[in-house]
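Two complexes are shown next, each including chain A; its partner changes from chain B in the first to chain C in the second.
Right, the complex of A and B next:
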């Protein structure tokens, strides 16, 4: 009991302890705000990548693709834990807007819109055909032409607030898309003539995935058209990938392992077929593995930021150390009296540890509360700063970021609070140990009183 | 750095001279007597406002005008003081002298030596300043590399007309007659699909260039893996096959950086030299078909060429996306109907001693004359031509990067404010435990202001030592940042820096001395501020109470 009483008394009476409390609160506040924003950005980016790729991807990076995909896709679709699948052609092409001199290289996805929307979040990214995704390739103007869905940054420009100005319908524009048709061996299918396949498409919709690279360089066209353009049609048709969505109760790793086992089995059964050599480059990956090169960069930045804040947090440990050292210097008589009436060394350490816990609790509470309050208003503050001073945390016309993430994660808060407690205890332990070593006979000498 | 220091010195001098001259004039020349408190405050406030207006007119961008507020406080004191200007000055000098007096310095060293806890504050200052210097240096290094990459890729100034520029050789000749211009070269831009081999197709950007001239304007020669060591200008000539055109390919087009080490396989890239690749590009041409009503249509053009060299600039996007062909050959292929030479851009290298402003002025003048006299362009077309320095082209992204650096430094700066609290705690403790020292000093006749200065100076001293260590740590970390990053990769398997994410193959590792100086000054001021309350406590100590026998 005396531990709690004395600890509370030191906290209230010793004004210097307010400084320690202030330092803890400041650190907790800053770390909560920065980590919430950073984690929010990373989670949002991961979620967008997950939505783009589905749960599992079976495919190859080679532009030749792989054959006999349809049978395997059927087998996967029959699995009880699979919700849907989508077969995709992935290739590169040259796009030119009709009537202009400008052409550019783009990535092309050949998809079946309905199945791709079921397997991935594609359906949610389009603007004009959200209600009936099957008509996403039906142009509003020239219905004789197949439609194409442009990455939104290829069709529109973001304003300063990161918003796009959509019209009633997509504008009446045609694009000619050219691809190199490749044989199953990867050679040019029309090498002799030196020609490539070109087809005209009508702009039918835009896709806003929220991923800058995708939105600025990816075009969706109908699966069959893509297959013809890049020479993957013919007898043994080829495709690049199969995107798979698992049922909600299926764990990502478990589902992917099962699909992997099925793929190995499928390869074994079909190893004697003419184009079985194309199976060699096919991999079965979770969405995280598939989009690793993009997601990993942001995760690393989060790690670096955490390390940097840990370094800065060392200063807080120093402050706690100094405050405790001071208090123990001043309260040597208290310690002497306590020890003279039989309190053990561990009791003295316990007393100052309780004080450290008090400080950590109050500092953390204050910091968390301040952080929560600030995060709640962070977007309004940014709006005000933008309206008043033209300041934005991120220029929305450059970065594909919407609102600043402000959802505090309980796990993050807990980790930060535990770190604050640990910092306080680490800072307090050496002075507490020194206090415990004080001898009553010295501290209670008459010339010390 | 010297320039910055001199500028700081000049700014301080101007602030104090302008701020105090009117006060001294009124007090010691016009009135020659001390003023009442109210009139002093009134006068000081009036001149405070006047000074703020003057400094704003002089171009001051300060939001707070803190230094003018300090001038205001001192003005109040000067108006009221009964001392003559001689006494005032001698007091000031003696305070300054006593601040540097050896007793102070001796006590600082003694406290630093005896009070081991002070070392904690030194460590905290060192840690915070090192972190801030490293962050600022890395950001500014990245910005510098970003701007330099544009200069290396495109020269100092770029001219981009709204339509294709015809007869560019004549224009370049005119440009090169100017003293401020060292060299100029033309570029024809296009996009295409490149078939590199079995199943390997890439979307690429094509630069039709004059290889020899471009090497004089940009850093092309340094980037060529094979031809950079040759004495003659880079060229697209293919050995033993004069009828086949040659081309350069970015290293990233041929091979990807290694997943773990982020390094390119140079041997694999060099193996591509001499091999033939097929490029498909094209341009809008007018069709003669009556059914299409002579409409303009984009026509594809295949180009087969031999890889003559590999380009490695160290800038990921340039290495990954670009191929280089002869401008004449590219024009013949995609614009066969155009007989006069055409270009999309003119890139210019300025003379070594020429400034960007002079260069821009000369280029604008030459362009305006050439476009109106030789091309017969209207004023509208001439004014629509973009003439810009390559650094200005990057300014939007650079300002965004600077903003992010500012936000990050602000966050770390706020967290580093806890250093002030730490110094406050430690100094408060020293004052409490050294009350007898202070009482003895005061009993010997030392004024309270000197005692206060002793602790403020000690705070500053801690700031100086801490920030000196901070600069040293920051220097070691920044200079070895690439080795540290590699060590982290080897030990933890964590590749922090990737050219595909951060554009450059290596982390910029130059210390930015300008921001280092500012951070060091802040650290010293912050440390002195931390000592302010303990200094006030020390001033309030009464020797008579402390030195009593009982």
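Right, the complex of A and C next:
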């Protein structure tokens, strides 16, 4: 009981305790804010990539694509753990807005909007046809033309607050898209002046995936139109990828392995077919593997940040250690007094450990509360800073980041609190142990440990 | 000398300290015995080893050689738990500089030894008894108006009386006082000595260290330390 009494009095009566308390609170606050924002950004980025790719992708990066995809897609669709599939043409071309002479390179996705929305999050990214995704390629004006869905940054300008100004309907404009049609062997399918396939599309919608690179350079067109544009039609039709969505209870790795096994079996069965050589470049990947060049960079940033904060954490432990060392140095006489009335060494360590636990509890509570309050208001604060001083954490006209993530994860909070307790205990126990091992007469005589 | 009438016995006590490379021999073979109920003053010049001897008698330190016996039982080689119990229950210390805890008030300082001897649950059940005893001791020592005060709000004499009350809290068999009046004016010091005399009259064994012969004369017996040994007893 004396430990609780004295520890609480040390906490209240000693001004240096307030410094230790503030050090703990400040560290907890900073780590919670930074980790929440960083984890939020990474999770958001991963979720957007997951939404863009579905769960599993069977396909090739080759612009030639691979043949006999339809039979395989049917086999995959029959698997009991697969919810839906979407076959996609992925190619590159030039886009030119009607009435202008400026062309720019774009990535082109040929999709069936309905199946693609089932297999990926595409349906949630469009603006004008959210309610009926099957009509996303039906233009509002030139109904004779096929529609196209532009990445939102190709169609609109993001304002300084990261918002877009949508009209009631997509504006009336047409785009001509040109591709080099390729044979199954990778050669140009046409020769001479007409070696390029060009088709005009009417702008029918925009897609906002939240992935800057996708939104600024990807255009969706109907699957069949894309197949014709890039020369993948004909006898043995080709496609680039099959995006697959698993049922919710299926583990990503398990499902992908099963699809991989099915693909190997399918290759074996079809190895004698004319264009079986195109199977060689086909891979079966989880969405993470498929998008690894983007996700890995973000994860690496998170790892670097975690390492940096581990270093900050070590510094914090040292600061708390120094503060505790100073407190316990000042209390060496008390240690001697307590020993003279029969307090054991473990009792001394227990006393200062209780002090550390009080400090950690109060510091953590204050830090978590401060962090929660700050994160709750972080976007309002940023808005105010932007309105008053033009300051933004990220320039929204450049970065496709909406609000600053502010959802505190319980797991993160627990890890940070446990770390704060560990830091305080380590900081307290070492000098307390040093003080406790002194003979009582030494503690009473000296003022320094 | 192992007789039941002795509460404390020191046999062949040697104690030295290291001062850099040199070794300073403070006690060079101290022998004496103290009977139950005695009021003994240990007197000697500054640096004669009086305080060192008192610390050894109270198990705050260990001799290099020799034996300290409390009620016939050796205390220097007792384990930590036994020593803690000994310091908590058997002896009470009164120091020259009071050594009160600044964060606690007068009553809390006094009942602290009782708190130390009890577990959390034990304290919840027995705290009223301890608090009442602390109050009673403080009243006996004329500090009933100072119960809720902090040590820094008290005079030197009052602080020393609080220290005496704390030393008596667990009803120890032996009271050890290290220059208890050394930091007080003569009138206040006289008051403290009267407290000791009254306690001794109730049967309390007291060992007091002092360098002042007049103060020592108030004790029932004087042990004189000179050159690290008992020169007269």
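For this structure, a couple of remarks:
Here, the second predicted complex is superposed on the first by the 422 of 449 C-alpha atoms of A that agree within 3 Å, B and C clash if a C-alpha of one lies under 4 Å from a C-alpha of the other, contacts with A are read in each partner's own complex, and residues count from 1 in each chain.
The rule is simple: a contact is a pair of C-beta atoms (placed from the backbone, for glycine too) under 8 Å apart; a residue touches a chain by one contact, two chains touch by 3 or more.
Not measured: the values here are computed from a predicted model.
After overlaying the two complexes on the shared chain, residue contacts for A:185 are found with chain B alone; chain C is out of touch.
In the superposition on chain A, A:219 makes contact with neither chain B nor chain C.
Of the two partner chains placed around the shared chain by superposition, neither chain B nor chain C is touched by A:432. In the superposed pair of complexes, A:420 makes contact with neither chain B nor chain C. In the superposition on chain A, A:319 contacts chain B only, with no contact to chain C. Contact with neither chain B nor chain C is seen for A:259 once the two complexes are overlaid on the shared chain.
Taking chain A as the reference, the larger set of touched residues comes from B, when chain B and chain C are compared. Look at A:250: by the touch rule set out above, it reaches neither chain B nor chain C. Common to the chain B and chain C contact sets on chain A is no residue at all. Those residues of chain C that touch chain A in the shared complex are 55, 58, 60-62, 80-81, 84-89, 93, 95, 99-104, 108, 112-113, 115-120, 123-124, 166. Residues of chain B touching chain A in their complex: 117, 120-121, 123-124, 127-128, 131, 135, 190-193, 195, 197-205, 278, 280-284, 296, 298, 300, 302, 304, 396-397, 400, 403-404, 407, 411-412, 414-419, 421-422, 424-426, 428-429, 432-433, 494-496, 498, 500-501. Within the complex formed with chain C, the residues of chain A that make contact are 1-2, 4-6, 9-10, 13-14, 333-334, 336-345, 347, 439-441, 444. The touching residues of chain A, counted against chain B in their complex, run 16, 19-20, 22-23, 26-27, 30, 34, 62-64, 91-94, 96, 98-101, 103-107, 176, 178-180, 182, 185-188, 191, 194-196, 198, 293, 297, 300, 303-304, 308-309, 311-312, 314-316, 318-319, 321-323, 325-326, 329-330, 391, 393-395, 398.
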